[in-house]
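To start, I am sharing the structure in question, which I have written as structure tokens.
As written, the chain order gives the labels A, B, C and D, with residue 1 at the start of each chain.
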């Protein structure tokens, strides 16, 4: 019975979310669009961060790489203008596989290390991409950034639905992983890599798979974000926000649980958006920070784990 | 042709020679006991055979094929399974899934999770852990963890099972029980066993043949009863005792 | 995973949707609105805020009061003076946040026109909102060329592009050299790797040559560089007369302090920004004699609202480096509204676009108009303004405008470095 | 190069805390900025001399360290390693955001419209055979050496220090032997937070800070920690010096634009070929 109520509510939410652009004002639709982008990143972060317990500060690298690839194809490829609206699809078609291949390749150096070292080396990956962007001005525009021609901009509802689809996709991927043999392998690897190898699980290949899986929705999110913002600056698509916010969202919600990133996104972004409406005399960021302190200390390990009383 | 051949394997850590030209061969179907004082290089030898360490020189042959250069999961899939001296259960997973994982990814690579769990349940009965199937492995007692460790290795479908001090830390009664379980398993699955044990008495009772390792070198090999009477072996064990006392 | 955990986010989202949903309403406008609503975001907090934050907010709020004390601005359409209302949000220095907030300014606050945010990156994001919603946006402190080469229809900014930033300064050096007051011949340019500072650096390179100087060293440093000791060691043997710093405040302060440590002694040290923060940052002793850019001139401010606001807030306009930009920008927007005589957005924008050299806005610093279809590099630039920095020098611990002579408080004083 | 010493110090305080309590303090850099702010306030606006204001900073931040320990470390110390890590990242990230925003906002309102923290020390230069040595840098270097020395002595020769090292080497083992992690964490945070804040005060003698640079400084410190190896004092020292040296050499011989790339390449190479850090013992 209760399961059915759950599914019914889920359906209700999905229908509600589908109706949002018709019901809510543009600012809220925009805010939700950004929420979906960050939710996608957070859910993707959790493939490594939750299932494999590798704190990955490099999720933004895939996002930024795909964003730049999209922009570069649309602005620099001589054949792009001839394709019309199709060019966007070509650009996305280049950006996503490129990012997936990149993810597969960087897995080789990145997975040489574990623990805090992994967090730092993945952060280093973002820093390296930043430097590459800054030092290839002919392609990427360097610190000037790149402008995507206005004819390619999606309308707000289009962006919204694309974001929604991505976020749902990313969460579904996680829930699929959790139920599949891949999930069992990840779980085994996270508990003991040695023992996992001893029962025939290839540690590297599985981690690499995780990284590639996690890179695809993030890459797609990067593409939409690039098209929506219209102009890419290195700091906007490869900056600290893109690097840290998904991690915080996943951790606030509960890393390692399918619903963790969802709850985290609702709470973190809800705070962010809600505080603007509250119009308090104290800077919003300060209150936002203090609330994160509260969440961190009073709901340790993430809200999902406290709710399901599985807190470790 | 022996099932496992270790040919002149050496391994050095820093300046320490952990294995020094070790030769060993294990015949199909036998139980081979490997004893030696602490630090003799027993676990290092296991790590070399199972691919966790690369030997500096020498060969490891299994079914006549060289294992050197293969990584642990590849060796597992060829039919060599091992346990760890310090047991390493997947502590957040259920006992059942610990074993099911081995069924999924071991040599037989059962395709469906459902099928793997069924097989795992059957195997758990064998070591009397079926009642604990749905608890997290982290909450088991030491003796239960040791049994889980063995059954998980078994679930990968090996020809050769390497047991690393599976009786250490158990009470004498538990040790006896473990011995019985091992014998039973060997008979049912036609296993070849290579056992490391610190406790000489227990392993003597189980083994068909035995060898003694000291300071990385093989000092004796043969019938269990002969081996334990070998003067070098006595010296090695007594010497160890003396140095401990000092 | 139990189904009930779908319920929580679901309920939250539905609640948010219900609470915020029915804010849409049809508006029919016939009589004069109570206020003219102008919307803006400002980097009150976050990394850009040390230059733009709280003092600017105070200034803008107080300015609104002053305007309204005069009854607001006259709109011909209603044949009445209408007070203004400035709605400002904190964009926390984040471009995506400003996109959300400008959408909110339109949707929830129903503003009539937009004032631009602070800095180019945020303006870049915000301007797309203006374009999508067809709302005129008057940009203030943003002059990244890329902003103006996107063929935006609803966007204009008061600043001249970053490139001619140093034109006035090198005019001055040229004039002083001609008079024989100085004998500067070599320049070293350091620019930080950000669009604006790179533009300024590129411009300095050209304007220095035009003034007959030799550029002996020109280096781009990564944004955020704070250790210049190796770079200074490299510059020192060249002994340039002028060190031209196109850097950001913390970088600049670090450079000046480290120049002392390593005894780099240029005859003139030019800083892209000068304000109270710079003087206290490097200490008055090291700041003495440093020249730099400002948009402020007290002579210009005399009798304006800016002077009134500054007096009320008790601030020296020279202390807040970029105050004049915001001021001119807000005033330009009011003038455009007044000249349009209506709140009809298309007409307001048409008015903004119609200003030209012959018929400009009379800003305190001179004529303000917006340039359209100007070839810049391989692109067409549209909508950039005319405001350009002038030259200031720290003299006796105080900031003094020294060039152009019409706005100057004092004369250039060649000051040896105090070490 | 001399700044390498300061990098080493802030990296080491971060690393000791991480190794002994598993708390990753994202607000570490922000505390350093806060120290610089307080020192600036005391000297520039209250007219105290540099040594006095350093003492003031030390006192205030020792208290701050106690408070930090009580609020952020103690309540989670008994939890599992992973929960501690995640909890501390979320909570201290929030703390860093809140602190930097409040500092930036109110400093601009009450103290100085353009917040930048920097101290100056009009001191003579020492010139040895044409090489100019800045006394400020010498002072910073001397401070780093002394502070690292103090840390070293505390860790080597006091009971708390020994306990801390035991925790860092084998957490569970140390607990079984009866090491009290609460006493250790109190000592580590009191000492660590005050040294971090003082480092901020010395750092701004040459390089100014603004309120929003804290999280970035934490990340730099983390990189230095990783280069050297978690929990290793000589490692942090080597990491810090290496960071300073690579920057200086690349700027001088190649060009400023290349210095971050060079540095990142070194980081990558070290991590890939020596994953435990240059001087880290265990993985």
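Note that a residue touches a chain if its C-beta (ideal position, glycine included) is under 8 Å from a C-beta of that chain, and two chains touch if they have at least 3 such contacts.
Keep in mind it's a predicted model, so treat the numbers as computed, not measured.
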Where chain B and chain C are represented by their mean Cα positions, the distance between them in whole Å: 73
Whole-Å separation of chain centres (CA-atom averages), chain A against chain C: 34
Inter-centroid spacing, chain D versus chain B (mean Cα positions, whole Å): 47
For chain B, residues contacting two or more additional chains: none
Per-residue multi-chain contacts in chain D, two or more chains: 101, 105, 216, 257, 260
Interface hub residues of chain C, defined as touching at least two other chains: 44-46, 193, 222
Arrangement of touching chains [line / ring / star / complete / other]: other
Contact pairs between chains, per stated definition: A-B, A-C, A-D, C-D
Footprint of chain A on chain D - complex, ascending: 18, 24, 71-72, 75-76, 79-80, 82-83, 85-99, 101-102, 105, 215-216, 219, 222-223, 225-226, 230, 257, 260-261, 264, 267-268, 271-272, 275-277, 283
Residue numbers on chain A that touch chain B, as the complex places them: 179-181, 184-185, 187-188, 190-192, 194-203
Touching residues (chain side chain A, partner chain C) in the complex: 2-7, 9-10, 12-13, 16-17, 20, 23-31, 34, 134, 141-145, 147, 150, 153, 156, 175, 178, 229-231, 233, 235-236, 241, 257-259, 262-263, 266, 270, 273, 276, 283-286, 304, 307-308
Chain C partner contacts - residues on chain D that touch it in the complex: 1, 3, 44, 101, 104-105, 108-109, 112-116, 118, 120, 122, 125, 132, 134, 136-137, 205-213, 216, 244, 247-249, 251-252, 255-257, 259-260
Residues of chain B that touch chain A when the two form their complex: 50, 52, 71-74, 76-77, 81-82, 84, 88-93, 97-98, 100-102, 104-107, 109, 113, 116, 152-153, 155-156
